[in-house]
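Next, two complexes with chain A in common: one pairs it with chain B, the other with chain C.
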Partner chain A sequence: MPILEVKELKAYYITEKYGRLYRVKAVDGVSFQVNKDEIYGIAGESGCGKSTLLKAVSGLLKPPLQVLEGEVIYNFGDDVLNILSLKDDKQRRQVRGARISHIPQGSMSVLNPVRRIKKAFQDLIRAHLGSMERSRFEEMVKKHLDALGLDWSIMQAFPHQLSGGMRQRLTIALATILKPDIIFADEPTTALDVVVQRGVVQLIKKIKKEQQNTLIMVTHDLAIHANLCDRLAIMYAGKIVEEADVDVIFNQPQHPYTLMLLKSLPKLGDKSIRVSAPGAPPSLIHTPSGCRFHPRCPEATAHCRRENPELLELEKGHRVACFLKGGC
Partner chain B sequence: MVFKKYFIPRFIQYITVLLIGITMVFIIPRLLPSDPVEHQLNRMTAQGQYLDPAAVEEMRETLQELYGLKGGLFQQYLIYWKRLCTGNLGPSFTQFPTPVIELIKTSLPWTVGLLLVSLMLSWLIGTILGGIKVSFPNSLLTRFMEVFAMGMRPIPYYIMALVLLIVLAFVFPVFPMAGGYSMGAEIGFNFKFLLDLLRHAFLPILSMVMLEIGGWFLQMRNVASNIVEEDYVVYAEASGLPRRKVILHYIMRNALIPQITGLALNLGFIFGGALITEIVFSYPGIGNLLYSAILAGDYNLIMGINIFSIVGVSTAMLVIDLIYPLLDPRVRYQ
Partner chain C sequence: MKADSKNTQIKQRRPEEVGVKEASSKLLVVDDLTKVYTKGQGLAKSKIAAVNKVTFSLERDKPEIFTLAGESGSGKSTVAKLILGFEVPTSGSIRYKGKEIAKLNGEKEFMKEVQPVFQNPFETFNPLKKIHTYLYETEKNLAEADQGQLVEESLALVGLSLAEIKDKYPSEMSGGQLQRTSIARALITNPSLLITDEPVSMIDASLRMSIINLFKRLKEEQRVSIIYITHDLATAYYVSDRIAIMLRGEVVEMGSVEEVLDNPLHPYTQLLKASIPVPNPADKWESEIALSDLETKEYLRIGCKFSGRCPRVKAICRECEPENYQVEERYVRCHLYR
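And then the complex of A and B:
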């Protein structure tokens, strides 16, 4: 039994302007499973619905974002939970932060600018474990910070006094202090320089190993995926177009979009000019008919323009949504 | 030490603004073509009395000294400052020889009482409702408030004040028409007088609160609705913090910063008086005093009120600067 199962999830941003409805189909029929203790990667260009998928999966639904269809089922071993069907917002809050947690993008604005770092830890721990003695709280945080190689003195700092890399490590500390079952990492390395990126990736790896949690890694950076993930899903315009083990994706990509992505990556020692994918990602309001990739696909046929290919298993553990690769 | 470094430049700036402002108050009346001493003398001779030229000359000198118009410009300027430092703003022309400072002293408590109460009320209600609006966008109270605020904003203040006065004091005489207290009432600290005071202040305060509340509400709503979108609020939600905590410590706490700046600035403006309010409701405050001073060309009085206003606004600015680092740690005592 997988720890997270997403079935046919459709999450749209629905807004009304001058009496006209606009539906941004950010997540449009996505299904996948994540097994316990694995690192699952989700890759795709900006604006393909990666972050929306994360929001919907963790039940962070605020208008205009709405889930129209689908189920998200968590199986924590002792507790099976369908997060979207929970009526009570309180129950969702209890799960978020404690059993599923987020590592957000480490930009300036993730931590409350007017509160000290210590308060962020206090808020989180009080919300999930109730109030506790000061000494116990300090001991708990200290132990965790030590394990992450962070100094206790930053607890007195305000967010703006810390560097980007420091803030990112802090958000990792915040996300993991309660030993969650699942961690969602949303572009944790964006806006950091490569040296700091390496540190962050290693830190995530280390914690994952110690706490034995499941990690879902969302980033557009394929290098990070290659480095970290066990399995990888490629998203395009609100849909998963290919999913397989990381080695398989990088060595035997099947979907034309995956091929294009990989072709654009530089390789050590190879000095030929890299080709980027032609065109731009489609608007999620007016999505193309048929296969969403067909306007940019070099091999598109008339069939591709009319019908939408389903995500089908090509061989064990390798799913592709393309008519040219045995889809129907 | 750090505080000193932060405080001293701002204090110097404060003093500079005061110096320039008060100097302007000194210069501008002196650019006018009319001479208040001649004006006063003309008024006396116009009454038809015969005055001995020597006596006129003597009177001219006395008046010049009283008005601080004796000697060259620089000498006048020095005397002006010397008088200011001893709290002497000169005599009022129209209510000669009452000193200006006395007139201001009797009017100021009325104005400050009126404006302080209406400002605090409208600020508190507007800010709280604005915060509620953003936290619970569908609540009936705040939806009504939004329509109310939008509808009230375009109404010119004097029209609303007059309508209130006509409806609640003339057509249905619930409240008195004019004044700060009933004619012949004994001024003292007792229940009866306080009630009388409240009854008289009610309409002016109501008129100001009704109009200002919308401004505070809209400002709070706009700032807070931007903050709701901020990453730290989304992240707080994602960490499963209780809704109350997110609203109070993440949304409201951050949205309050510009709100408090606005409040402090408006507190400074109190010393200028509320001109229209005080005229419409015949309230015995600074605004009314200024109005009659302008009509009568009593510019010692005008200058005195201006000085109060300048000191009020710049002190408010200094206070904002000093408390800002406490509100927003990103602005540090440096």
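And then the complex of A and C:
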């Protein structure tokens, strides 16, 4: 049984402006499964709903974000949990942090600028394990930092004294100190320099190996996915359009959007002409009719304009949502 | 002080020995450019050379795309600010068509010929101002014409039409469209040099290449030279002719982009190249790398700035600042190539 199962999830931002309701369909009917011990990647451009998907799946629902339909089921082995059925945010908070953990985007704004790093660790541990002796706390944190190759001296620092890469590594350390079963990473490498980026990927791999947890990685950078993930889902305008093993996505992509994304990637040592698709990603308030990619798709037919293709299995483990590839 | 006296002992070998005659055949000459910022006050005062002895030049008759690449804090944006005259250099000089930029600053002729394109198009434009007013204002102020013809021509160059942007606010347009408008605005004055500071880092992956291809076309068809500042070596390889790799204010390697990135000589360039993620699952990172110390530590380091992380460090690297050494067609600032 998979550790995480998402069924037909619909999460919209619903706001009211001048007496009119606006529905931003950020996640619109998404289903996927994540197996234990695997690294599952979610790729897509900015504004395709990938961060919202993470929020909804980890139960971080704050208005105007609402889940309209769908189920999110965690199976931790000893405990099966439907996180959306928990009405009380207190109950959800017990799960988050201890069993599900979240590495946020932009470490700059995550750590409190007027408190030392140590305090952040203290807060987290106190909230989940209750108060403990100082020596035990220090031993626990030291052990974790040693394993990640970070120095104890940074615990006394304020966030502004550290570089962006160091802050990001610290937030990763903070998110994994309680050995969660599932880690959600939301663009952990974005806005970092290439060398630091590699260091962060290195660190995530290390944690994964040591703690044997499941990782869900969200980023727009396909090269990072190629480096890290086992399976990869491509999102476009609130829907998953293709999902397969990472090798299959890169070597035999089927959906026209995936093809286009891969074609536009420049590579070192290759100066051949790269093109990007015409048009821009659609607004999630006024989504196009039928297949959401049809205004930009070079092969779109009248059928694509009318109806929405379902995400169907093309081969074992390779799902595609496209009429041209045998969808219906 | 100690480092300075050593520098004078070794004969300076600059990438370009510039004379006044030579300068007039060049579009832009950046010569020994240094910018020092002071940090803190009183006893805690320290000096950081954000740009340290940077030298390069662009030919007048041969338009090219010249990339300044490096990590954040390598001083690449400061070089752009210095060329545009937003900052005043501490020492060294920048000459545009043989004239000192410090003296040209604010002159219309100079503003007409050197135009900037900034990183985030949503911050470039005032959100409360309609987008087309920027184009008309530039035309009126710098091109000294107000027929609107130049506006339409330059919009056509970037693949937009006036109807698409007329009466729109920045928030109503996509990042890609807005960045194209920003480039169109720069093209109104028919410039010879575009300074683009991370022009695609805020653009969606599927639209990024359209902007990059636009630069290529501008170079070939409009004969515009472009200084392309980026941290993305993959697009730099794709678009540019020459590249300079910067580290903590210094250019550590400079040469044609194929040479530098296919076969990097400086250990830092080698590290950078190894850190670019390859979009191919068969090619995963296996080995581990060393990460940098605090930024300021590297700036203040005596000797080679990379000596703290360099896998091939020698005793001399920690004591004495390397000069620019010429290896075939390129320049490397590393003691290994003495």
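A few remarks follow.
As a working rule, the second predicted complex is superposed on the first by the 325 of 328 C-alpha atoms of A that agree within 3 Å, B and C clash if a C-alpha of one lies under 4 Å from a C-alpha of the other, contacts with A are read in each partner's own complex, and residues count from 1 in each chain.
Basically, a contact is a pair of C-beta atoms (placed from the backbone, for glycine too) under 8 Å apart; a residue touches a chain by one contact, two chains touch by 3 or more.
Everything numeric here is computed off the predicted structure, so don't read it as measured data.
Partners chain B and chain C, brought together by superposition on chain A, fit side by side with no clash.
By the document's definition of touching, neither partner reaches A:53: not chain B, not chain C. For the superposed model, the angle subtended at the Cα centre of chain A by chain B and chain C works out to 70 degrees in steps of 10. When both complexes are overlaid on chain A, the residue A:45 reaches chain C alone and has no touch with chain B. Of the two partner chains, chain B is the only one that A:114 touches; chain C does not reach it.
By the touch criterion stated above, A:127 is placed in contact with chain B alone, chain C being left untouched. Among chain B and chain C, the chain that touches a larger number of residues in chain A is C. By the touch criterion defined above, A:160 reaches chain B but does not reach chain C.
By the touch criterion defined above, A:4 lies against neither chain B nor chain C after alignment on the C-alpha atoms of chain A.
The gap separating chain B from chain C at its narrowest, counted between C-alpha atoms of the superposed chains, is 7 angstrom. Residues 71-72, 174, 176-177, 204-210, 212-213, 231, 233-235, 237-238, 258, 261-262, 271-285, 288-289, 291-292, 294-295 of chain C are the ones that touch chain A when the two sit in their complex.
For chain A in complex with chain B, the residues that touch the partner chain are 58, 60, 62, 89, 92-98, 101-102, 104-105, 107, 109-115, 119, 123-124, 127-128, 158, 160, 171, 174. Residues of chain A touching chain C in their complex: 45-46, 162-165, 193-199, 201-202, 220-224, 226-227, 246-247, 250, 260-262, 264-271, 273-277, 280-281. Every residue of chain B that touches chain A in the complex is listed here, in rising order: 230-232, 234-243, 245, 249-250, 253-254, 257, 327-330.
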